[in-house]
Amino acid sequence: MVNVVVIALILFAVWTGWRVFRVDSMVRASFSLMLSFIAVGGVGVVLSMPYIGVATVFMMAVEMMAMAIFMVAFMMNPAGLNPMMMVHQHKFSVGAGVLAWLGLSTAVLSAELPSAPVTSEQRVVFDLGIELLGPSMLIFETAGVTLLATMVGAVILSSREGRYGHADHGSRPPGLAEGGDPAGRVPDEGGGHHHHHHGGH
Amino acid sequence: MIWLLLTVPVTLAVGVWLAATFDRLAPALWGARAGGPVAALRDGALLLRRQTVRTEAPDDLNRRLAPVVYLALAAIGLSVVPVTHAAPIESPVGIVIWGSCEALTIIAVFLHGWSPNAPFPLIGAYRYAAIALPVMLPSMFVLIAAALPAESLSVTAIVESQREVWNVVRQPLGLALFLLVGLTLTQRGPFDFADGADIAGGTSAEDSGAGRALWQLARLAMLTAFSAMAAALFLGGPLGPGLPGPVWLWLKTAAIMALTVLLGHGIARTTPGRMLTLLWIVALPVSFLHLAVSGGLALW
Amino acid sequence: MSLLDRLAGRAPVPVFACIGPGMQAVTEHALLSPRLRRAASPREAAVLLRAGAIPERAAAAFGRVHDQLPHPRAVLRWDGQGDPADVITDAWVDLLNGADSDTDRRSDEPPNPWEGKGDHGQGGEGMMGGVPYGRPMAMTGDDIRDGLQLDAYTATVGPFAPMLPPGLTLEITLQGDVIISTSVTAPPFPQGDEASAPHLCAARLLRLLGLNAAAARVARGSSPRALWTRGAIPAGLGEAAKGEDVRARLSAWLAGQAGPYQAPRIGSMLPGLEWHEAMLVLNSYAPDALHRACAEEEEAA
Amino acid sequence: MTLTIVLLGASALIGIGLYGALSQQSFVMLMMGLELMLNGAILAIIGFWSLGLAGMPEGQLLAIIVMAVMAVEMALGFALIVAVYRKRQADMTEALGTLKE
């Protein structure tokens, strides 16, 4: 029974993962990816990892909402009213994907996998809490600080204000001498200014 | 076990009718005319007698899915609330499940506005996503704070921890912040950025007939689920003297529901940009402070 | 009659009103009837109320609004005499009893023909260009808030948009929620002094703030009962002179003072504001002030 | 048996993710490929933890770390997209032939 549910969820995760790159609508692509994550979260719940499984659902719902907003903002024709195919090095990518899949599968099938299932009397959520705030506290706190740094970095990167002026004007540092050329390298012409090229359509 | 699961549809059905009736009674307290207990059924019947219009080139799959998902989320959220000493879905991570339902609600509302392929619903969908995503942060802090005295993420354990004193006494700020979350989840009053009058009804602007009725039903179902969860987290859920547990839970749920409906009808909605600022500048630090104080109290 | 029909027949009838010149005040009063409900959009409405004579220039738009009502639907003319609630309720009950639903006024065609050209049949070259489903592709445009140039969306709103004064038709370019530019395609219909009465003006603003109960109370002439009415409006929004912002104008209306009699030009009033702010600013001027401002603008041009 | 199935599923997700990350021109779609690979990683962690390691607590910690990595990847990825777009109006990999200026 557990096996059937796990297999169904995994097949769903793989199918929705595949749909991400096959649908025309960007919103559908984002939420397909979310469904793939939810299915993996479901596997977690079935395989007695409830906290991680449910937290994956929560986190991915928020992340994919943000993802969908970015998709609609940056892609032309986000609703997929025109069929779209925006790919490069397609054959190479397919090859690499298939190769990775076959290679990993061969490794899985040829390896001798350990077998030591979780027992039902283990308090897995309790164990996780003790682990996070006990032996692995340093790792956990480092992750927290990393996330804080990410937040600061993301705000600075995405804001318009640069250190030397507006980002869309190409902020240039002041000269070394009064009124001199900007410090640092002199940029070549054609760094992208002339490609007013939105979404490559 | 089976009868516990059966309480979910029954509670939802009664809750939806009660919420719809409160919705028609509440204006009386704010000085307008009110409708009676049958008014909600009449409005529902009117919608069912009408055509469901299909817009031009809609995202049909998501148009059908959005209300169904919203309703399902309400049902799942309600089933982690303990009816007596156990919940229909008893999980060691009950409030995380509820949190996931909250986050997925944003997606259901977004899809509802996205799918008709029309400008005003889309603006409503975007506004709602922009407001509801930052609301998730206070929501998480409130849920964690409510779990602290219980030292557990299980809703049943949280209810059990309120045998001596209800969480609303220990954490009054928590209930206030949670009401804010509830107003957002159910798209009501000051947090109803999905359906403003300035965008002709927003995400619901293109809804008609049975489709509209289903969406409104799902909103009311979510209000029921939210009220039950608030009752469990802050008012001790099924705990109480004399009466059986489920009756206490239903009474407390109705009380929270009435309060939410009343607030929804009587508080003005500010502009989305300003609300966004208020959420990040005021609600987030306040909820953080709330978590810190609750943590201190739990240790003490 | 089935139980469903009996229930449906007693519900307040959702009405969408297309308001002609001089009819705004009477229509707003009529829609306060407990037997009617003001529909937020045509899709919600069962009955289209044609209040007064719709001028020729708005006839096509009226047809479009009409065709958006779901079946079964009825359209009723009303000249402002008597209470239309009886007629509207009767029309709705007739529809339930099998009366013919009003047929479409306009043919259902896309504004541009579908062209099977281009790589993917979108009617243009490459992935760009063309008019898929009759709509031009959105193109990037200037952003006046933070310079992130995403796709600008241009649309015509009006003349029967429920958040604008009747008759006013605006061509609006949006970057997300922010209005980049507006131009007046058609001015609001003249409405006379009654529509500019302070309690009706205040009720319109309160409705935009989501306070339907308070708006109905104010429109009947009582004082509003609601929390945070003035506070919800950002301070300094739509400031014409020092201390002359939307919040101050709402306060004046709630205190029963009419005015202001002068509105700035719409084309200069809205750009840079978010949609909701823009609608608050626009509705913080009485309809006749807006009408005059548009007329002056036309004269100048 | 089930562990094998779970790991085969995980390798399929990683394969699809790799295909997406290599083939997509749009930055946002490219990030979806990366996310899908991390999804495969989480699935593998869940499988190993639950069926092969008798539920040792560090396994759950690893899953949390992968989620944190995903959050960092998303946040910085989107911030970089916005930064590049502000400067170049570009949202595709080909538009970035250079990182100069």
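By letter and in written order, the chains are A, B, C and D; residue numbering begins at 1 in each of them.
The definition used in the following text is that a residue touches a chain if its C-beta (ideal position, glycine included) is under 8 Å from a C-beta of that chain, and two chains touch if they have at least 3 such contacts.
Computed from a predicted model, the values in this text were never measured in an experiment.
Novice: A-D or C-D: which has the larger count of contacting C-beta pairs?
Specialist: Counting C-beta pairs in contact for A-D and C-D gives the edge to A-D.
Novice: Nearest whole angstrom, what separates the Cα centre of chain B from the Cα centre of chain D?
Specialist: Here the centre of chain D sits 32 Å away from the centre of chain B.
Novice: Measuring centre to centre with CA averages, how many angstrom lie between chain A and chain D?
Specialist: Here the centre of chain D sits 5 Å away from the centre of chain A.
Novice: From the mean C-alpha coordinate of chain C to that of chain D, what's the distance rounded to whole Å?
Specialist: 46
Novice: Measuring from the mean C-alpha position of chain A to the mean C-alpha position of chain B, what distance in angstrom results?
Specialist: Measuring from centre to centre gives 29 Å for this pair.
Novice: Which residue numbers or ranges of chain C touch two or more of the other chains?
Specialist: In chain C, residues 133, 140, 147-149 touch at least two other chains, as defined above.
Novice: At least two partner chains per residue is the criterion; list those residues in chain A.
Specialist: Counting only residues that touch two or more other chains, chain A contributes 51, 55, 66, 74, 81, 86, 160, 167-168, 196, 198-200.
Novice: Return the residues of chain D touching two or more other chains; collapse runs of consecutive numbers into ranges.
Specialist: In chain D, the residues touching two or more other chains are 82, 85-86, 89.
Novice: Touching pairs of chains, which are they?
Specialist: A-B, A-C, A-D, B-C, C-D
Novice: In their complex, what parts of chain D are in touch with chain C?
Specialist: These residues of chain D touch chain C: 82, 85-86, 89.
Novice: Which stretch or stretches of chain A touch chain B in the complex?
Specialist: 25, 27-28, 31, 34, 50-51, 54-55, 57-58, 61-62, 64-66, 68-69, 79, 81, 123, 125
Novice: Applying the document's contact rule, which stretches of chain C touch chain A when the two form their complex?
Specialist: 120-122, 126-128, 130, 132-133, 137-140, 146-151
Novice: Which residues of chain D touch chain A once you look at their complex with the stated criterion?
Specialist: Interface residues on the chain D side: 1-20, 22-29, 31-33, 35-36, 39, 42-43, 46-55, 57-58, 60-61, 63-65, 67-68, 70-72, 74-76, 78-83, 85-98, 100-101.
Novice: Quick check on the complex: what are the chain A residues that touch chain C?
Specialist: Residue list for chain A touching chain C: 73-74, 76-77, 81-84, 86, 159-160, 166-168, 196, 198-201.
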